[in-house]
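Across the two complexes that follow, subunit A remains constant while its partner is subunit B and subsequently subunit C.
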Partner chain A sequence: MLKHEIKREGDVLVLRVQEENLDALTVAESRPLVDQIVDQNASKVVVDISEVKTIDSSGVAVIVSLFKRLRAVGGGIRVAGLRGQPKEIFHFLRLDQALPIFDSVEEAIRSF
Partner chain B sequence: MMMRFTACVPGRLDYRDLVGRTLSDVCRRVERDLHCPGVEWRVMSAFNEAFNNIVEHAYAHVPGDVDVTLTVEADRVVLRLTDHGQGFNFDDSGARDQPPEFDTLSEGGMGLFIIRRAMSEVFYERRQDRNFLTMIRSFDGCRETDGGSGVRC
Partner chain C sequence: MARIISLAPEKGRIHRLDATENLIGRRLDCHVYVNDQRVSRRHARIRRELDGLQLEDLGSSNGTFVNHRRIHGSVRLRDGDLIAIGAWSWQLDLSDEQPTGVDSPLVSDLPSDLTASFADLRGLGVAVVQRKAATLYEAEQEIERVHRKLQAVHRVAEAVSSTLDPTQMLDRVTSLLLEVFPPSSRATVLGLDAATGVLRARASQSRRRAPHDEEGVRIARGVVDRMLRLGQGVLIAQAADASHAADVDEQGGRRDSDPDASGEGIGWRMGAPLTVRGEHSGVVLLEAEPARGYFTQNDLDLLSGLAAQIAVALHLIDLHQRLLVRDRLDHDLRLARQIQRNLLPRDPPRVAGLEIAVHYEPAFHVGGDFYDFLWRDQQQLSIVVGDVSGKAVSGALFMARVTSEIRSVASLGSPARVIERVNRALAEIADDGMFVTLVYLSIDLRTNTMRFANAGHTIPLLQRGEQLLSLEFDRARSMPVGVLPEIQCDEVEVPLLPGDVLMLYTDGIIEARSMKGEFYGQDRLDAAVASAPRTARGALDAVLRDVDGFVEAAPQADDQTVVSMHLSKSGAMRMDTLLPIPNRPR
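Up next, the complex of A and B:
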């Protein structure tokens, strides 16, 4: 299970990923986590990946899955702390155009 | 500089990281010695995606081994992964020049696209029931400042 922390900042739910690698190894069986977030009826979610140094397509798929699940119920997602290799991968896939991305959690929360 | 690293490991994700740590160290050395930033994250991004594909697709039903070879040449890094699993049609597997559409993103399509974007050239070949994926990163604009290891393989 992905190491993480979930906390509330007002009406925003912040998911802090506590892994250096967000990849096929660490995201195995992450579906319950996505379910848990969606089941909390959170309409505003910030995914903080500032601790993530490496991401692969499996890690990207979890974030995209969460985005789509929340969008389907009228919610929204922000990605915070994107840098280094993950930033390059998001750029490759043009996810930096499809997802709202912010340097910090605070900026992401304020953007809702 | 000429350097070659080879390994044969089980096609399991925990072994991906075992080999990956050494590949990462080699690529960081290349970056330092050749003043060529960006080699490590590009090669490692491609390696991780290629290894994932082998584990999840080529060896989806029958496990097997993965041969990994990283060769550092004067003007490029050549990474080759070989497996004995199921083959695939590289040209029809999302390895396009354009990124996958957001609403139809799939891990497989994303992985091959990342490989193509991260590396300068990518070749896939199936021969004698084996899959060969060769990924090349050129050192465009970089220069060697010392004699390197002096090893000639």
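Up next, the complex of A and C:
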């Protein structure tokens, strides 16, 4: 399970990922985390990945998973702090067309 | 208080009939326990009714006798009646006198070392003869109790070591706990999820028939939490109609000299944590119905000892299960790999004028990469190379689904339409975040043109003469398949020329890491392709050699797939130059 911190900012839940590499190794068995967030009926979630320096397809899959699970229950996510390689990957995959991307957590929260 | 006094073989032993229902038999939980093979497990019972005591034979094999006459069904008992079962007999005493040891005709001082000789049993969690017994009779009672508890420890030890199935083991243990603690009406083992702190019943046995016993375990969460925090068992009384457990006496529980404390409506509960090396895996809980009696500190001591045994056994079984799962997973993976290899085409199709070479190397037993060749008709060959985000079994299963979806819509011909349709089918099922990147490329063999679309996949490379072209067209790029329910996709058309070398690959190639952790990268791949021989096989081998030289002995972290094609210089592909065309290349 990846290292993380969950905070509430009003009605927004902020998931701060505390991993430098978001890859197959660090995201192993992260499904309970996604379940936990979805189970909390959080409809507004900001994923803060400003600490993440590299991401691979497994790491992207966790964010996509959260995105899809929340959308299925009428919620939405924002991705904040995307830069460097993760930003390139998101653009390469054209995921920036589906997931709203913000520079800072504050902007992401305000956008809801 | 009514009682029966043993005449033989335990002359003088007194059994108080203080419960509403007092069982006589060979089962450990019988109120009057008779250790004799000729006695049935539940042989007879003495029930307290409004108008007195009723003795009932419970269908025993060898019968129950009152005043030397065998009884059938149940009879009312009178003061002084002689009750006989096999070689055992008792006399009913309805006088209110409590036996007082010192006045008893059997008084005799107990050897003083008796207390010490049982002290060693403490370590086992067995309640010991704690106070020096005043009479031989009391001493015998104590020894009997210790004997039964030792037996309980022994039987629990047997039960926990008899199976490697945790559910079966806990079912046996909870049944046994009901036998060992006669007042208990229900025994439950709650498992603690270390990550979430959630408690869940792993096994529960009730004396009442299970279908009617639908109420949950009534224990305040605070009580369980305290047990886990202190690492100690607790003994509590709980009003039958109260929603919260009331803590009666955390330390000592109820004392034997306080016979009225188990008043009407008070249900007793005791529990002990399941702890191994300071880690709690749950708690074991016993509940007593008011009518059945109460638990004592001795009971709690015994339960704590048994809980320690159960906890160790559970720990070992869980460990065993994990190892089993690992072995099974290993086996499953090998099987899945076989299935997967059969899903992917073994050999590329043989087409006159078009040489095709394939390299496929999963990082684990099974991979998320895939490739396929699909004929729409005799003129159009499609090639797909993709990568499922999940790995191992989940990735492979999803991959199987992806390839079958692609085959079912390949007849659409247009790469963009194929991707859109596959996306629609997969977006619904891929709920755990799995997605697929793929390049879909269709070659028209008559016109020597190729159309392609790219859903989040790596960029195809085209070596034309001395020029290396990255086939990157913003128009023909879309999001990976399986993320959004609908995606818009477009495609581009590129004419093919004789001598062209075309290469499709997965990100396992460009993300291959060296011993130092560096990525192989797009630039190295481009350079390797540019300097490679201009044949499909030659270009593919050159790339793989270059990657191998770069990673040295570093472990392969991701699947690696390369499909290369070479359009021969000698002549354009034409339908009449095709070798025998398979309907479905395998």
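Operating definition for what follows: the second predicted complex is superposed on the first by the 112 of 112 C-alpha atoms of A that agree within 3 Å, B and C clash if a C-alpha of one lies under 4 Å from a C-alpha of the other, contacts with A are read in each partner's own complex, and residues count from 1 in each chain.
The criterion applied here is as follows: a residue touches a chain if its C-beta (ideal position, glycine included) is under 8 Å from a C-beta of that chain, and two chains touch if they have at least 3 such contacts.
Keep in mind that what you see is a predicted model, and the values were worked out from it rather than measured.
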- Message: Based on the shared subunit A superposition, would you classify subunit B and subunit C as clashing or fitting together?
- Response: clash
- Query: What is the contact status of A:L15 with respect to subunit B (first) and subunit C (second): first, second, both, or neither?
  - Reply: neither
- Can A:P32 be said to touch subunit B (first), subunit C (second), both, or neither? second
- Message: Just to be sure I read the superposition right, which of the two partners does A:A98 touch: subunit B = first, subunit C = second, or both, or neither?
- Response: both
- Partner chain(s) touched by A:S58 [first = subunit B, second = subunit C, both, neither]: both
- Determine, under the contact definition given at the top, whether A:A24 touches first (subunit B), second (subunit C), both, or neither. both
- Task: Compare subunit B and subunit C by how many residues of subunit A each one touches, and report the one with more.
- Result: C
- Using the superposition on chain A described above, determine whether A:L70 touches subunit B (first), subunit C (second), both, or neither. neither
- Query: Between subunit B (first) and subunit C (second), which, if any, makes contact with A:E88: first, second, both or neither?
  - Reply: first
- Task: Tell me which region of subunit C runs into subunit B after superposition, given the options 279-287, 387-395, 531-539 or 567-575.
- Result: 387-395
- Message: By the touch definition above, which subunit A residues appear in both interfaces, subunit B in one complex and subunit C in the other?
- Response: 24, 56-58, 60-61, 64, 68, 92-95, 98
- In the complex, go through subunit A and note every residue touching subunit C. 1, 24, 31-32, 34, 36, 56-58, 60-69, 72, 92-95, 97-98
- Message: Going by the contact rule set out above, which residues of subunit C touch subunit A in the complex?
- Response: 195-196, 387, 389-391, 430-435, 437, 456, 477-480, 483-484, 507, 511, 557-558
- Task: Quick one: which bits of subunit B touch subunit A in the complex? Just the residue numbers, please.
- Result: 13-14, 16-17, 41, 44-45, 48-49, 52, 55-56, 99-100, 102-103, 105-108, 110-111, 113-114, 117-118
- Message: For the complex, give me every residue of subunit A touching subunit B.
- Response: 23-25, 54, 56-58, 60-61, 64, 68, 84-85, 88-89, 92-95, 98
